[in-house]
Every structure is written in structure tokens, then in C-alpha cells.
Amino acid sequence: MEVRNFAMLLQTHCTLDFDIEVPTPFLLMLRPRSGAQQWVALEEYRLEPRVPVFEYTDNYGNLCQRLVAPQGAFKIATSAEVMTADRVDEAPGAPFIAVQNLPDAVLDYLLPSRYCESDRFNDMATDITANCRPGYDQVAAIVSWLRDNISYRPGSSNVAISAAEASSRRVGVCRDLAHIGIALCRSLSIPARMVVGYLYGLVPMDLHAWFEAYVGGRWYTFDATQPKLHAGYVSVGYGRDAADVAVYSQFGPIVYPKGQTVSVEDLRA
Amino acid sequence: MEVRNFAMLLQTHCTLDFDIEVPTPFLLMLRPRSGAQQWVALEEYRLEPRVPVFEYTDNYGNLCQRLVAPQGAFKIATSAEVMTADRVDEAPGAPFIAVQNLPDAVLDYLLPSRYCESDRFNDMATDITANCRPGYDQVAAIVSWLRDNISYRPGSSNVAISAAEASSRRVGVCRDLAHIGIALCRSLSIPARMVVGYLYGLVPMDLHAWFEAYVGGRWYTFDATQPKLHAGYVSVGYGRDAADVAVYSQFGPIVYPKGQTVSVEDLRA
Amino acid sequence: MEVRNFAMLLQTHCTLDFDIEVPTPFLLMLRPRSGAQQWVALEEYRLEPRVPVFEYTDNYGNLCQRLVAPQGAFKIATSAEVMTADRVDEAPGAPFIAVQNLPDAVLDYLLPSRYCESDRFNDMATDITANCRPGYDQVAAIVSWLRDNISYRPGSSNVAISAAEASSRRVGVCRDLAHIGIALCRSLSIPARMVVGYLYGLVPMDLHAWFEAYVGGRWYTFDATQPKLHAGYVSVGYGRDAADVAVYSQFGPIVYPKGQTVSVEDLRA
Amino acid sequence: MEVRNFAMLLQTHCTLDFDIEVPTPFLLMLRPRSGAQQWVALEEYRLEPRVPVFEYTDNYGNLCQRLVAPQGAFKIATSAEVMTADRVDEAPGAPFIAVQNLPDAVLDYLLPSRYCESDRFNDMATDITANCRPGYDQVAAIVSWLRDNISYRPGSSNVAISAAEASSRRVGVCRDLAHIGIALCRSLSIPARMVVGYLYGLVPMDLHAWFEAYVGGRWYTFDATQPKLHAGYVSVGYGRDAADVAVYSQFGPIVYPKGQTVSVEDLRA
């Protein structure tokens, strides 16, 4: 339990408005958890109309909610006040951890997954990281490569696109850049996982996705969509890739939200 | 996922004020979780001064917080708006579930624990439940017996008292009555667990403890401190007995809170 | 805990021989677990040379082994005597369980995964199961369709092939048929998972893969590689798809076994 | 993953013979697990008559078996070949880990439990460890104190005796010495847990119990029943105290085994 400052205080909001035609089961992942990186000082999670809702913890430790959205207008409104550090840790030189020395709990993040076909990225990863010290510097080189080679363009992609496809298209949304980064890391035997949540100052403001890599004995944050790492991340969910961390999954006829708002404010201001 | 009404909306508050002489590690259990019985619509958890705090999930699924309280005044202030049903389920006649048919996850609640020496309660339990159908009715008989034979007197006990001791003294606080009830259930091979949290209308108002027994395929609520079951329970933690569900555990020189306030209001009023 | 006969007694063997050029970390999944479907009465797991090996349980409950294979000849020899039922349960008419009524623990098996892009199989699944009662009968129709439309041909595929690719090729090995079956089930909101292990009487004898679907409140076994279901399955690992249940995963330069033997005998004979 | 030698190869046997009057549910804990300390190279677990048996993993990671013993003679026969190190690690000077720096997973082992009323041992622990460096040396002092002050006498105790009681009686069996050691460690904020299993060379041979304490960042083995630590431990179960690690728990009328054999051989001999 490293001593951390929690000097930043962010207020997040996310609302989703649906118009439901037939009662539809939803799985939601919209409750940020307090943990090593952030402290949730205040949180609100309202449903209109009030329907029965059940919460459970998934395999990755996320707090997930289950409900059946009733016919008609259905609104989910969440907000939180989250304390977090005012800078993101970086660790150039942090070493690669050999597979045999990784904790059991991170091994799962070495394997290929739905959107991160890491088994197909070996050659690309080897090229990109050719002259790097194994570990943090390899991941940093991957992020630089992503910034230089894959255009970050909100709205340019869709949910069926995987890392292999996105890397051919050379353009993508935040989740695509995260997927490629994760696939490249795993192909080098560096555990990597996807994070969804909020980023203060994101333009255009929306829910966001980035990734973490496990080097030097802990998880570090990486985000190729931003020119450089800055503070302001609030995590909502962790997983192997976007399949694990959908903010909402529905079953039955597809219903898109007719309205969605996201905002992040700095309460110190 | 049974359809439940969440017709009641309760607001809970709990504050703890400490005067800390040497920096002291604390484990806290003060964050109610949404689950099958309740939905946390709003929640606040503030620390003064702001110290780093880490959250984790224990073996029983409780959200726990770890921190080191610094020297000087230290205040913890929590509040929540919780939706819950407007009556507590009761199920006279719900059958005993034979050990071989219990889910793996409840077996732990059959074993004796620090404050529930169920291995010593066989004869008493057999006497109390002599003419009952096995299952819910046995637990109901245990609760009736507790109401008639163990005086519920807030302030009459202390944290070192176990079920065996409390049943000799014939008087106790809420946790003592819960411990005896749990020990009696387990001695009949009925899984039983302790719950801590809030109860609307409790006199005098304070944090509360009650118990749940597993019969008829699910957990049911029991509380011998009240003349009859009424709605208004908000759960904060589950465990085998009070050792697992301390609202705060500290390590090092003992520090008692110099102030503590608890309140529960009905927001529908 | 349903009463089951364990009338069949099978002996399984699997040996793997490697010629290692540089010390190589391995994750292995070669220890069958006793559970609801089988009882491991005898088990042997030998390594030559004897190297340090660590065992852990993964997210899916599998017993996994970690080791670093040393330079030179390296041999893994496992065998087991396993008691299991002499017929596989089938349940025509067992109902579909609506998502909101599924246990939390099976929700993970509804999501797309590396080799089962269930998000792309909706139309195909709807066609195949057009006139079926929701539930077991849909899965049975999927298995019939697989038998009629995808040729089972050992040696015809490789580990990079996913369900989407295999369904275009119309031919595959056991894992491909399982992947397509799983993807089709999930696209209908039926949880489905991959199983690896042994099958008595398999021709040609090898390690095998099949799948399970969750209908009517429990998991049922399905296998499109066989003309009809017969007894003789011994499970070694469960997961979302082949990425989770590799019998061995290695990191670093790829090393193929230079020898592998698999056998299953019926000890009652 | 520290490199360990597994130079010792032990063969363990344990058989239990029961004469069952009414069908009786049992929970068993008789399957050693491979882990960091030992590798199970061969294992046998037979029941006569063959009854359905189900295996699950408890909260502490132990492999447990559930069955209903039928009326009449019932025999359980287990044996294993286990590789383990030829000496037990000792670490004089290994430091105390402050509570705030302990891994989440060991916090549970700080709390009082059924047979280890650590809340009552503060003064005794402080006296015994008065001049020790915090950490391993405190635990070593506790073990020395136990050797000098609590007589180890097989057959002198029974299963209802707790640490508080055993420390008054000044005599006990292996589990009593372990309980007192655990209670003393926990009262000093050192996590401690009970282990049951086998010890090569134990006189008289029987199932054995000892304890582990968490200092210097890992678990270390301690055993006050032996004049000094020597190799030859095979772990079968871990828990907070004897309530968690009963080799068998039964429900209903108590049935004692009419026969029990235990042996441990050194296969290198």
C-alpha cells in the first residue's frame, strides 16, 4: 500500500436514455470502484423508472448491474466524485517480468482475446520494439508507434473491429488503439488489459478506453489517443478487451440509446 | 432474479470521530453494496483529513477499506440512499435443505466460528425446536426462544462475549442475540450468517446486527431484538460472526471513537 | 447434489516430449479435476527431468501448472483413473433461461471471445433454429446443422482459425466445430463454453474438444464431431474458447512436441 | 516463482474406516494440492463402496469433497507421492510487515477465529516477545515459549479446546499448540494460519497440524511440537484454525472412525 496523494477531485456524469420496445435484459458496468488508483467519495446511480436491479462482481472484479429495462422511456443517470492522483505514474526502464515470475492473477492477460489477436502480432511487435530495453520501454515504443501510425479519429470505427482489422485500417477510435496496444504487448509476453472510464479534458468528451501493461511488478497506464499522459483518468471497468468491459450489454433486439451525455469536471477549480 | 419491489427509500448516516495518538492502520466496512436485497442509489464516503485509502473485497463479498489514520483528529462520514423492499420476506414451512444439497458457497456457514461455538449448542437447539418441521420453522422457534429467554439490553455486553457466554448471561446486545441464533441454527445443520448494518426505527438508534439462515433454497432475515420482523434493514456486511464484520478494526494501541452518530430516515415521508 | 452413478472407470494417458533449445516458460493444463461429472480416483503427473513446478487455479476453476522447461529433453507424463457416468445426460425440451434469470457465474459465457465471434452469428443462428423451442432443442439443432454442414476432419485446421473463419471453410477439427457451436449458442443468448479433455473411443485417438451449453438450469454436453452422444468424456479444462484451455501454452521461441501419445482405456473390460 | 529444489519424495497414506448407521453427509479434506511448497506426482483417492462424490474449492483454496456415506461399512483410502524441498525455509530477521502493507488476501488471517481468540492474547504475546525484532524473530520466540511452557502430549486434548483453554491447561495436542501460536501471532498483528497434513518421522505417526506466519513478505512454517524444524511436511489444508481444516466433518449423529491408519515414507530410501 504505497502512499499516494489523491490531490485531484473529479466529478463524472453519464446518462443514457433509451426508448425500449420490448422488455430487454441489460448488463451494465457503470459504477466506478474505489481501489489503489482512485477513491469514490460520492456516487449516484439512478434509474427511471425504478426497476429491480441486482449487482454482482465479475471475474475481473468489476461491479456489474443486471436489470430488465421495461417498455417505454428508460433512463440511467450516474455521477460520482472521485479523488485521484494529480499525475499518472510513468516508469521508464521498469523491467520486463519473465512469465515464470508473474503473479498468477495476471497470467490471464497474456492470452489472446476476442478483439486482441495477440497471436498475430509477434513480428510487428518485434519490429516496433527493436532497440528497446525489455519492459516499460517496449510499451512506450508501442504507444509512440500507435501515435505515429494509427490515426485517432472518434466515430471512425464500430464495435465489431478487432486489433488485427484496426491495424490494417490505420485509423480507429480509442478502443481500437487500446486493442492494438494490448495485442502488441501480449505478443511480447507483457500482460496488458483494457480499461474503460472517463478522462478529464477529453475532446470530444465521451466515455473513454485506454490500456494498462504490467511491467516492473505493477500495472502502468498507457493511452495512445493523447499526445502525452496527463492526469484525470477515472476507471470504471477492467478486462481483457472491449468484450469484457462493455458499459452496457443488452440481449434481444438491439436498442441504441437515443441520448447519451458524458461530462467530467475538476471540482478544485 | 426474482422480481422485487424496491418501494422503500432510506437514507442512512454514520459518522465516526477519532482522536488518534499514533498513526493507526484501520480496516473499515462502511460501504453498503447493491445486491439482491437493496439498491444503493446514492452514497457518500468522506474522510477528514483526506488520506490515501484502498478498497478491496473480502472472502464474504464485502467492500472493505484500508487506511492509516494520521495523528490528530480523524473523521469518517458516510451516508447513503438505499432502495429496499417495504416488507421482509418470511416463509413459514420453507424446508430444511440437507447438507448434501446445499450450494458449495454456503457450506462455510455451517462451521463453528469465533463467537458462535455451534459445536456446543446441539442439545439446546434440539430442545428448542422439538416439535418443529425442519427448516424455517426451526429458525422461527429459535428466534421466539431468544425473545423469551435472552433479554435484549443495549450496552449490556462487550466485544469479547461469545454465544456460549451470552447464553449463560441471559442478556445481551444485538450481536449477542445474533450469535446465539446463529450457533443454534448451525448446530442443526442450518447455515447461518451474521449481518451488520442499519435498521430504520431502531431504538436507541445505532449500528445494528441481525442474522440470516439458509432454508428453502435461499437466505432469510431473522432478528430477535425486535418483537416482530418489519421492513427497513440496510445491510453493510456479511460474515460468519462479529469477527468478520467489524465496522472498523484497528491495529496497534486501541482508540475508541470519541464521537459516533448514526441515523436512518425514510425519504418517502 | 444430484445422485449420479459413476459406473464407468476410464484410464487416460497423455505424454508430451519436447526438445528444448532455450529454457522456456510453460503454462500447462493437464490435471483433470474431480467435480460433478467425474471422480479422479488415481492420478499421476510426472516431469523428466524433475523441475520446480507451481500449481494455481485460473478464473475458470481449472488447475494449471507453471514451470520453466530446461534445455534438452523434457518429458511430461500424465495418467488418471476417472470414474464417470455410463451415459451422457440429454434433455430435449429443457427450456431456455432468460438472461435475467441466469446465475451470475455463467454470464461470462454469453460474451464473444477470441475464437467465438458470437456477435457475427445472429442471422445464421436464427436460421438454423427457426422452428425450435427455445433452449435445449435450439442447441440440438445447431449440433445437427454442424454435423451436416461442417466436415469434421482431424488435421485440417490450425490454432489461428476462429469460428467465423471455420464456418466459411466448412471443414475443421474438433475445436473448430466446438467454436462454431459456441458462437451460435451465444448469439441466441445461450451461455456456452469449451471443454478439453479425453473421449473414450475417439478415432483417431487424441486430446479432444467439445462444448457445453447452459439450458434448463444446468450445463449439458454437446459434440458435433460424433454421430451421436455416447459416454466416455473426461474433462480436463473449461473456458470461453481454445484461448482459455490450451493444454500447454509456451512463451518465447515456439517449440512443438517431438512426440505426443494419448490413450483412453475402459478399465471395466 | 522462486526456484526450489524438490529433492524429497514422500509417500503418504491415510485410510479411514467407518461403520455408518444412518446415511451421513460428509465434507472431506483429504486431497493434497500442488502448490509452491510441494508437487503431487501421484495421488490415489478411493471410496468403498463407490458413492457419488463432488469436489469443490473452499474460501481458502482447499480441494474439498462432499458425499453421503451409505449405511454399513464405508472406507476411504488415500495415498500420494509428493515431492518437496529437503529443508524448511527459515528466515531469522525477516521483518514484520505493517498491516497497511499486507496483501489483501492475508488480512483474513489477522482476525480472531473459533479456536484462536487472539483478542485475548495481547499481554501474553507482548511479554513473550519483549526483546525481539518485530517479525520472524517474534514468531520464533513464540515457538520457543510454546516448547518450554506447553507440553505436547498426543491424546491429551479434544476437539472443543480453544487456544485460551489450552494455554490454561499447559498441555495439548498438535492442534492446540498451533492454535496458541496462531493466537499469539495475530495479537501482534502478524497473520497466521493453520495447516493440516502429514509430517515424515512424526512419533506417534498420525495426521498432523502446524502453523504458518506471514513475515518478510511470505508464509513461513512453524511447529512447536518438534524440537527443531526439519523437512518432511506435506500440506493437505489451510485455514484460520481447526474449524476450517477438519479432515472430515460430518452432519447428523456423530460417527467416529472405527479404524484409521496414517503413514509417511521416504521413497528415496
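A few notes on this one:
Note that the chains are named A, B, C and D in the order they appear, and that numbering of residues resets to 1 at the start of each chain.
One rule holds for everything that comes next: contacts are C-beta pairs under 8 Å (C-beta built on N, C-alpha and C of every residue); 3 or more make two chains touch, one makes a residue touch a chain.
Here the structure is a predicted model, which is why all the values come from computation and not from measurement.
Shared contact partners of chain B and chain C comprise A, D.
With every chain reduced to the mean of its CA atoms, the largest distance from chain B is reached by C.
Centres computed as Cα averages put chain B at a distance of 30 Å from chain D.
We define each chain's centre as the mean of its Cα atoms; on that basis chain A and chain B are separated by 36 Å. Per-chain Cα centroids separate chain A from chain D by 42 Å. Residues of chain A in contact with two or more other chains: 1, 56, 66, 100.
Interface residues of chain A, counted against chain C in their complex, comprise 25, 27, 56, 58-59, 64, 66-68, 98-100, 104, 107-108, 110-114, 116-117, 119-120, 159-160, 189, 243-244, 249, 251-252.
In the complex of the two chains, the chain D residues touching chain C come out as 1, 3-6, 31, 33-36, 39-46, 50, 52-57, 61, 63, 65-66, 83.
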